[in-house]
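To keep things clear, I will list the structure first and then write my remarks on it.
For clarity, chains are labelled A, B, C and D in written order, and residue numbers in each chain start from 1.
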Amino acid sequence: MTDTSTSDRPLLAARGISKSFAGVEVLRDVDLDLRRGEIHALLGENGAGKSTFAKIVAGVHRPTRGTLTLNGMPVEVTSPIVAQSLGITLIHQEPISFPDLSVAENLVLGRADGGWLARVPWAEMTRDARRLMDLLGVRIDVTRPMRGLSIADQQMVEIARALASDSRLIIMDEPTAPLTPKEVETLFAIARRLRDEGRTIIFISHRLEEVRALCDRVTIFRDGNKIATEDIGTLTDADIIRLMIGRPLREYMHKQGTTIGDVALEVENLTLPGVFSDISLTVRKGEMVGLGGLVGAGRTDVARAIFGVAPAASGTIKVNGKPVTIASPDAAIALGLAFVPEDRAVAGIFRTLPVEQNITAAVPGKIAPGGFIRGAVEKALASDSVNKLRIRLASLRQPIGELSGGNQQKAILARWLLTDPTVLILDEPTRGIDIGVKAEFYDMIGELAASGRAILLISSELPELLALCDRVLVMSEGRLTANLSRAEATQESIMHAAVPGAASRQGVAA
Amino acid sequence: MSAIENPVVVSAREAAPPRPLWQVIVIRPETMTLVLLILALFGASLLSPYFLDFGYILRSFTLSAEFAMVALVLTMVIIAGEIDLSPAANMALSACLFAFAQQAGIPMPIAIGIGLVAGLVMGAINAIMVIRLQIPSIIVTIGTLTLYRGIAQVIAGDKSIRVPEWFIGVNNVLMAGIPVPVIIFLVMSIVLGLVLGTTIFGRQIYQIGTNEVAARHAGIRSQRIKMGLFLLMGLVSAAAGILTASRLGSVRYDLGLGGELQMVLMAMLGGTYIFGGRGTILGTFLAAWLLVIVSTGMTVANVLPAVQLVVLGVLLVVSIIATNAIYSRTQR
Amino acid sequence: MLKKTLLAGLALGMAMATTVAIAQEPVKIVYIGKNTGNPYFDSITGGFEDACKSLGCEFEFVAPATAEATSQIPFIEAQIQRGVNVIAIAPNSPDALNQVLDSAKAKGILVLTVNGDLVGNESHRDATILPVDFTKTGPNQVELMGSMIGYKGDIAILSATTEAPDQNTWIAAMNDTLKNDPKYKDMNLVATVYGDDQPEKSTTEMEALLSNYPNLVGVIAPTTVGIAAAAQVVQSRGIADKVHVTGLGLPSEMRDFVKDGTVSAFQLWSPYNEGWLAAHFAVGVLGGTIKNEVGSTFEVPNLGTITIADKNAMNTQAELTTFDAKNIDEFNF
Amino acid sequence: MNLLRNIFLRREAGIAVMIVLFCIAVGAVKPQFLTLDSLRIILLLTPLIMIGAMGQMLVIVARHVDLSIGSMLGFSAMVTGMMFKFYPEIWWPVGFLVSIGIGAALGLLNGVLVTLFRLPAIIVTLGTLNLYRGLTYIVSNAKQIDRQFVPSALKSMSQTSPIFGIPWIIFISFGIGLLTYGFVMHTRVGRQIFALGSNPIAAPLRGIAVNKVTLLVFTISGALSGLAGILYASRWGFVNPSNTGSGFEFQVIAAVVIGGVSINGGVGTVLGTVLGVLLLGCVAAALPLLGIPGTTQSAIYGAVILIALLIDRTVRQQGIASLSRARA
């Protein structure tokens, strides 16, 4: 640590890092040098390999091939604990915490000093925790349990933990997504301070403006390869996007011409206290309405409320002009609503059940008139869907868990198309999907709108909203803050409405 | 139940050829049960020359037939991702109430009705605690198991309550040479097997057990289905309790004591996956016979009951390990 | 692992098959105890075994793991299937076994209850063997208690379960004796409590007796679990000079309490003789030398002339043995 | 200041209040319930449950459950009793080592089945509950170990007292309580048990050797069952293959759940558990005094477990409510 002559040597040098999961290479021969005292952004699409790389550095995954050199010494980061002892800390987006333990305990947990029966030095622990919190300038009672802390505070605890173990390399994996702008500011200020102390920070984000505001250098990943490492100043946004996707943005997203008809879905003053309030919106037949905003703005909650998964406390919903009560998803389905949820694994697929059964899950009446399942009908419906949506699979009886994410998502979409919905709500439909399949998806969604369905598209990817939607609504902190026509909608206007504090506070009727 | 997910496993099986048909058919837990059943038959025949007598095996089966009936419903409950450990206590309490009522001079059909309603109510209490109050079923039913049998004990004390002579001995009534309880079990197996295997209700039980959140999103009324299963469980338990009363001719609070283990064992041995989503009625059907043959074989050979306890304990653990292994082999 | 268990089972089975020698059809007797692990039955079994040695019958003892009402049913079924000639049983329930015992009788099997009867359901067995004349047990116990407390003071009874038929017979006789015999007019029965034959419950019931009735001078516990629990409470409180415990107990369980003076005397019959009598009776009936009819008599070595009394009940003709510090070491059961 | 912690503070206070109210109510009917003598009775009813509850608390805090403790108690008591019977020349305190050691081994086996095969503990221990009981019959040849074989020095531990007329066995049980307190509050692994139960998925990322900690809690549960086993021989003076320890698991789980240990893991205190045990002891001692038949005990336990579950859920919901309020 006292050796200053090594200061121009990189803190961490990665050489030829590769990683395969189940025979599929997700990271290929990555070379990367991290300097002391820099904030280094990792950029790339979902699945580009940036998170995998970060997790290898942090000891969560072991590389299939390649070496890591820390301070000129080759190291084997076999576990997060080893990483910590080497001074490497990974801060997850949803920080890991032990909700029943105190903040101070959460800070020291995992520090590898002492055996099983070593004493827990409560007084010292609390004192150190307080000191660290003061150092970060945050006010958290360190003796309280973690349960109930905000995400931002939990991140601060994580950062404090990194400081407690005197980490030289701190990896932040999409830390800002769940934060308010004010919290982001605080986080950035602390990050800069840590950098100025000579620590290195890896910053993973999708938000170019944040990367620009914070980072010194940027490395771009695509399809498991490192594409480029540059000083942030030398690249324009367009350059970065080009490097990330390998081709111009709009090439694979195009809006089909549709005729917009009557109002299919109308929501008025929908409120769920503490989650969202006064949401009013309409979606017309053939119209594709985008719903943008930051993660945690309440977009998914609104969709879940409309669909009856977690109904709102007050407000009215009209479908095709008629007021309806939707207390559960089956009521919503009966009214011609469909909802492709955000988290496929949790709320979408039946992992171990055949693809066939996954596709027909929402249409019991079609496959089993009278209660008994007609195998032939089911098979016909399923294989028809498979052909239509070009789902790649070995057999209809194959467990859906064996398919790739994109094909799983197609199967879920197929499930909803079988219900012949009037209104289709899509929540982050392209998350975790290969870029090729994404393009297919956009085509399909476009066709659906063209065939006269009303579509509400929730997305965090601004280009997606901009390219596909007739209108873009924006939510922030549980309220609608913008209703932008296709012409008005730009990255800037959407972000302006999405970022709390930036937009005007009055509700927007949409 | 831990849910440690594999980190971002990228799958590439969609291009692979489908598994050969024989594998799909043969590598299933039910096959294991069938093989064990055949082995047990051989083993028991070798163990005692008195064993291999169809009439005796059937008679012995009547002693477990009530548990086996409940185990069929329990299989469905476990496939739906829940568990119910209270049915044996439910059997005791509903049988006590039934016997108490008919002893108090209430006409038999009404007394039976009282027993069945009591069973339904007990099922409903479980269901409400599990579904409405969201307390894990395994803990709820451990509590109600103690409570139901405790109430039976309060009602009946140490007395046994007699049932009238004409009501006694349903197990001795034969139809086509088969005792009535065995017939009931066979019919229930076929009916529930069809329900689980061919109806949308059965399909949705698997879907709920595989992923309840996804099931709700797909419009499946999971709470209603689970409620139905718990109620069915209560009803069938009560009916089983009343059948037991007829077989024994009297009811005590300790009727069916420890039966929950046998029921769980039947379901587990039949390849029902403890975490839900997998299992068949056929498996439980086979397992019920397996269990009866194993314990009857040992009893008729005068094997120490202690050894039987050990064998049952080992069977339970082994069957779960085997089931887990088979499922993780055939499906990720 | 499972396969191994089965194989082991097979091996075991073959070993057993060879030990069951095929003789010229000796009488096969099985005794089904209440449950395994109950020391009481070791002694009865001894009587059966010795009798069979001299009479040339085959004897086996089986018992379920728990004493729950229905746990004996599969065992009875299995013994019917094995084709035994005599099923002797200490029933766990006075009525839950009726059907299965009937089917045993229908197969021509002689069904005896030994140590415990099917009270109220006597028609479902052929005869019952009682250890002693049960009508005398109650008065005997009262007399023993009286002798310990000078025939004066508050006493209580700590019994098994509320429905235990034998205990209830004795308790009724005790009540009767206390009320009607002027010798015991100064003895005052203040409570009858039930410890369910569980040590924990018996102990708390005993503690509650002491605390509810501070003037208590004696406790009769006509059950082996109860007397041991009562003695232990008295021992641990060191009040043996104040509260006297007696009842029916096993010498093996009571030896320490007698030796340290906690219990000066208690009673029991000889379970051994029950087994001895049952085996002789069974072999005699099957051999045609004994008529199983009320009023008929027969001779049994060591026991003398046995008369079959009402309801086909018989007893060993012996009196209760009283165990005290002088003689307890002579008994080993 | 902190809602959740206040609730838990109140939770323990709540049990204490319940105990006091219960005692006053019983005392109103039966004044002798409020004497030192009856305190002694209550305390003598609890040591085994207390010891078992400490182990069970750790297991439940780690998000598992151990149903086999009664059978482990029975088996280790039986083997120890057989040692006393067949090798009376062995110095009797060795029995403690034997009993605890055997209990630990059985507990370890539970832990191995749970960790190695990733099986739910409730099913594993339901199986071993039978397995161990069966083994008890087999090793003992279904014979009881009579009073005369249990060393009198051991038996007198339940009667004689080092101080204040309080028998040794009670000191031992409270000693185990204190040790457990020290263990969970002041050792690293003790905190790791809470961390594991609080967030099992994250635990390995914080260097918690999940399997080892799981093995440890099951082994401790077994070892404490073993200790309870030899103390059973001390308290009751005999060991029976079928009675000894049967139903122990329900008493212990009832005590632990009443004591506020959450079945969702991560939450539980030694003090709460001790109070839960004492409440059960008060109930068990009061029933015969009030002349309520023992047959009601099981129903009362069942009701008490369910009520405790409902309280647990209410507390949890308030916790969630406070969380969402913090977010809003």
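Going forward, contacts are C-beta pairs under 8 Å (C-beta built on N, C-alpha and C of every residue); 3 or more make two chains touch, one makes a residue touch a chain.
Here the structure is a predicted model, which means the values were calculated and not measured.
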From the centre of chain B, which chain's CA centre is farthest?
-> A
Could you give the separation in Å between the centres of chain C and chain D, each centre being the mean of its C-alpha atoms?
-> 35
Return the distance between the CA-based centres of chain A and chain B, expressed in whole Å.
-> 43
Between chain A and chain C, what is the separation of their C-alpha centroids in Å?
-> 74
Sequence positions of chain B contacting 2 or more other chains | 157-158, 304-306, 308-309, 311, 314
List, in ascending order, every residue of chain A touching at least 2 other chains.
-> 60
Multi-chain contacts in chain D, i.e. residues touching at least two other chains, fall at 133-134, 137, 142, 241, 293, 295, 297
Got a list of which chains touch which?
-> A-B, A-D, B-C, B-D, C-D
Can you check the complex and tell me which residues of chain B touch chain C?
-> 36, 39-40, 43, 46-51, 53, 56, 59-60, 63, 157-160, 162, 168-169, 171-172, 247-250, 252, 254-258, 295-296, 298-306, 308-309, 311, 314-315, 318, 322
Chain B - residues contacting chain D, complex = 1-4, 129, 133-136, 138-140, 142-151, 153-154, 157-158, 253, 261, 264, 268, 274-275, 304-314, 316-317, 320-321, 324
Contact footprint of chain B on chain D as seen in their complex | 65, 113, 117-120, 122-124, 126-138, 142, 200-201, 241, 250, 253-254, 263, 293, 295-303, 305-306, 309-310, 312-313
As the complex stands, chain D meets chain C at residues 30, 32-33, 35, 37-38, 41, 45, 133-134, 137, 140, 142-144, 146-148, 152, 158-159, 167, 236-238, 240-243, 284-285, 287-289, 293-295, 297
Along chain B, where are the residues that touch chain A in the complex?
-> 5, 7-18, 24, 198-201, 203-204, 206-207, 210-211, 213-221, 277-278, 327, 331-332
